[in-house]
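A short worksheet on the structure shown next.
Lettered A, B, C and D in written order, each chain numbered from 1.
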């Protein structure tokens, strides 16, 4: 293990020596933007990226074959914009698509992008050794045929509405000559995985974990030079420190401004407020199984009446007001309202403590001494596992008191993120405050709530399983008619809501603190950073750090 | 003297190994291993593979021996969360911590000692007032004190930057003198917070030590020789009161490093303290033991240094 | 008998004559009264408890008023009843943890000092190891590694990491006494080892231990708040002062009451215990620093003085 | 007779403590001539040491020399001198040898350094000259290989050696008066004799006056020409040394003499003065010794005796001077401890 690592260290040293072309900023381009993000990237090697910071870096440094449109349509290729593929051609039977690589596209080390890079990337994403979280999404791609150096033909196992989305969007194209040299099982500890080389409009410069990650504009990029010169990411886990940084101008963007203090941004002369809703939603998952005896039903949540009662016991609207003031967005069900298949006519069971108590009575939970309900000598007591996120913790605390009022005793178990992930993966919890990012595609819904998503590599961590839902989703995803798809999807969503496997609390709503000198480009619902290369800083507003250009460092 | 030094050195190494042992077992007393808590989604089979590779499937005794062997070689393991060797991460963080802690330590001792001596020799309102202020600083939680400093001097009154070691980006493009000034500018708030919070304890000890020494016979002798008050305090009493202070220096080091965890956290200073907090949160086992061992080495060798200083000051312990 | 009462009376008088001691004794007495009776009295008067969320929308971060003299927090809980309950919880945590530290430390020191030889050497090296690890680091490591943390576990952790200094002190005193003749004669008379320890060693170390304990109480309150700040404190919604303070962080600057009142409570309490500890030390043991009878004890005494975070 | 070197008049030094005002020295008057050795004796707590410290102006708060006290030394009124001028006198014209050689020396400086410091603070030479003088002085006080010893620290020297160092420190500026406060108490008997011998030699050599403070009359007998006995913050008897040993007048002096072991006169046991010195905050009414006095009668409890003249240079503060017949009525003292 040691010797192989020193070998890759040598490789990193060699790549680090490749020169960067000095070029100065002009009226049109220039500027350094400092992003104070909540967390540092865990990984910036595309197949193993799992966090938002990592995705942000990936989306600047790498390209896909085609980019999803602003409307986030996932069916067919409507709205998709060319990226590395300057064009594509569907086979008549739709079982394959031929992508023509943009001949101008170059990797950041100067080598041209080729069709075999596409094949390499797809194989890498599918390789189980990499443990890619998207591996299961690309199973429908059968193989890649390199027709010529600039034409890659992707073959599919079956014709599905979202096959183009799967192929063009889910797979990040990576240079074979850089990553292919390293055996998959060594990628984890390889320095190459930490110094990415891609084809995006920004190129990677350096990463000092926990401190800063730096990207600069790729001046010769085939899609045009980024308008900014440089992006610096500084992890700022302390939200109060982040707020201070943005208000003093030490940072240009904070991705999760303290919601209680959002008013400060409205009055600041330095920073402004940008509201951004994404595909995320927060729910309180109720484990259907007993965490101690894995396959037995959960002694409390195994009963639908109890789950529904608990859902009705919490005043979601008031909690939303408490946490987000007037700005919050109430969840409608197991989806974020921003996704294309969302149905905002759906609603979880209403807040009704009387009904909730009656339901609990009917489920056999009788009020016992000290006001805690009992059934067969067992108290109605469970714990909610929650990460240190201030809003989620606040929700857990609010619910704790509301559950108490209907006779349920709740412990709030605050754990660090690592523990939360571990317990979520091991199903070691009663209830758990989880963030749930809706896939823009309806097929993702099937992965997240369908029986097929259950399993160690699946996304249905809740292990929700309902045959009706599965059948409805099968019908929805098989249909090419949007109206029919939506009808089936809505019914499937209603099925989940009726089963109350979780309490659907709120759609994630983020306040970005942004320096006033920055002119942003359109932000997409799933990723605010997606057009970062088109953000700019007007010449008259540039400050010292915007003017340094690419002049070599001291 | 040389033999004593050798003995103390040997003792320090033994203590370091004991610290390594303590952290080894303390961490293994917690449920799971690094791979059951990894933030990365790992499949069961990969987890097993990693466990095998890192030897977490072996009996505890064997793991312990392997671990000791590694430590003796100076290999503190690999951080999976940071993706680098623990020694690399520590080598990066340690100079920053030493810079911050070193300046603050020297300042808090110099100011604390000066204050303590002045208090001890100036009974009355000055002593009472400073004692009260010092006691208040001593009774304030470290992180609270640091946060107040941050709020006042970085948020309200924007005199100093709200964290980081240097101005991000711009630092690299500054001329040498400006880069130096930038470094100092970033150091002021964390150093001031750390100094204020630790000098309280030192001033208290110094005051007590001076009050202990001042009534001594040899001070009276010196006075009878015609030595001035200043000579009495700063030459005769001070040298003697310094002896217990050197012991205090060694003993306050752990507390000082503990305070550093909070200060580094509040001022986003990426030193050993931040590294430790990060490692603990991420259950980065090797990194946790690594930071604890390095912290202990700092303490142990700080004590050794204190011993040498003690001998330099007090001829009675020199033989 | 009369002798001891006059002795203790003059002790109290001397203690109260120390600067600030009178003030700190009053403050601590008040705190104890508040801690013991406050929570139940308040609950009786107000009709709700410290964890009850009164109105999560209307009463979110309400400023101090007649109904809520300390204001309310962001969950619409009455801050006065939380701070008062916090007095009970925080004082209980510190007192129990300190008692635990002293018990463990005394036992360890006695055994080590009495056994002597290689047992002592090994025990002392282990102690050196513990003393070399910053306590905060040790605590957060243990606190975050151990998953769930009810109150008793927190107490166990804090108490379990606070005994190193005191056991050194006890050991030093034990060694001095073991060597001294009256223990030898006690042995000659056939007194058992435990009896010897109880009768002779403990009374001799009582003074530094009392001082240590007093100063430790303030120190533990600081530690608890520090742990809460790092997110490793007691279980939600337990109203310890550290937790209340932690709840208040992240609120806007105009919601000053959520930080001020718990902060003041911590500051005043720690200050009172520190002042009292100082006064006790000055009265009980004027030669506290280095003028002790043996250098060994002097060093142990300084190391046993609880350092902030130490 | 020429003006005495030191002339103390009505010296009163009080300490303002929590338990009341301690009148440790309460109206003491005496003279010392140039070249003379005077012994000042009494039990501890009688005010001898405070008298010595008052002469050096080394009384620290809460103590102070009361206004009206007069200490004329070498033509200067020490009691009224400013601190700076006083510093110039201390160590130079007026020096002191302290009781405890163990603690009187600063443990962290070499002995040579500490002796040379006296020269340096009085600006009597360069650093080098001061050192050389210190080494020479060490030789003078009889320390072998002084150049080497000068570089040693106090803890490396024996008790007797250390006392020699302290004496060297006192004498290096050739002062007019040396106050030696129990210079031999902490030493064993053979060393004691050596130190006393040394003091005598040095006095002859330099012509220094010495105020020798001791509780040991034997020491006085060997060294001093005149003796002052203090009790209760007052002088109770003063006489030439031979006079005092032959005709002690005050019952307290008598008690001290009886408590003295005498060579050749093997006694069964030494007599002790019954009772103990009362605290200086509570001197008894009348004669301050009356509760311990074997001759005390009612007058003693009410009337404070003045210093009666009893012979040439012999005074005593005892009513026996006017009612000598009472000496026959010896009885048990009123207070027996």
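By our rule, a contact is a pair of C-beta atoms (placed from the backbone, for glycine too) under 8 Å apart; a residue touches a chain by one contact, two chains touch by 3 or more.
Given the structure is predicted, the values throughout are model-derived calculations rather than measurements.
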Task: If you tally contacting C-beta pairs, which comes out ahead, A-B or A-C? Let me know.
output: A-B
- request: Compute per-chain Cα centres, compare each with the mean of all protein Cα atoms, and return the closest chain.
  value: B
Field: Inter-centroid spacing, chain C versus chain A (mean Cα positions, whole Å)
entry: 46
Statement: Whole-Å distance, C-alpha centre of chain C to that of chain D, is 52
Task: Could you please state the distance in Å, as a whole number, between where the Cα atoms of chain A are centred and where those of chain B are centred?
output: 39
Query: Approximately how many whole Å separate the CA-defined centres of chain A and chain D?
result: 91
- prompt: What parts of chain A, by residue number, touch at least two of the other chains?
  reply: 240, 416, 419
Task: Going through chain D residue by residue, note those that touch at least 2 other chains and give them in order.
output: none
Contacts with two or more other chains, residues of chain C listed in rising order: 144, 147, 249
Which chain pairs touch, all of them: A-B, A-C, B-C, B-D
- line: Listed in rising order, the residues of chain A that touch chain C in the complex are 239-240, 258, 260-261, 263-264, 315, 318-319, 321-322, 383, 388, 390, 393-394, 396-398, 400-402, 411-416, 419
- line: chain A contacts chain B in the complex at 1, 32, 34, 42-43, 48, 50, 128, 131, 133, 185, 188-189, 193-194, 208-212, 214, 230, 232, 234, 236, 238, 240-241, 244-245, 247-248, 250, 416-419, 421-422, 425-426, 456-457, 544-545, 548, 551, 553-554
Statement: Touching chain D in the complex, chain B uses residues 216-218, 220-228, 231, 236, 239-240, 243, 313-316
Message: Applying the document's contact rule, which stretches of chain B touch chain A when the two form their complex?
response: 32, 36-44, 46, 49, 53, 78, 80-84, 89, 92, 147, 150, 154-155, 158, 161-164, 167-170, 172-176, 179, 265-266, 268, 270, 274-275, 278, 281-283
- line: chain C residues touching chain A in their complex are 51-53, 56-57, 60-61, 74-76, 144, 147-148, 231, 235-237, 249-252, 255
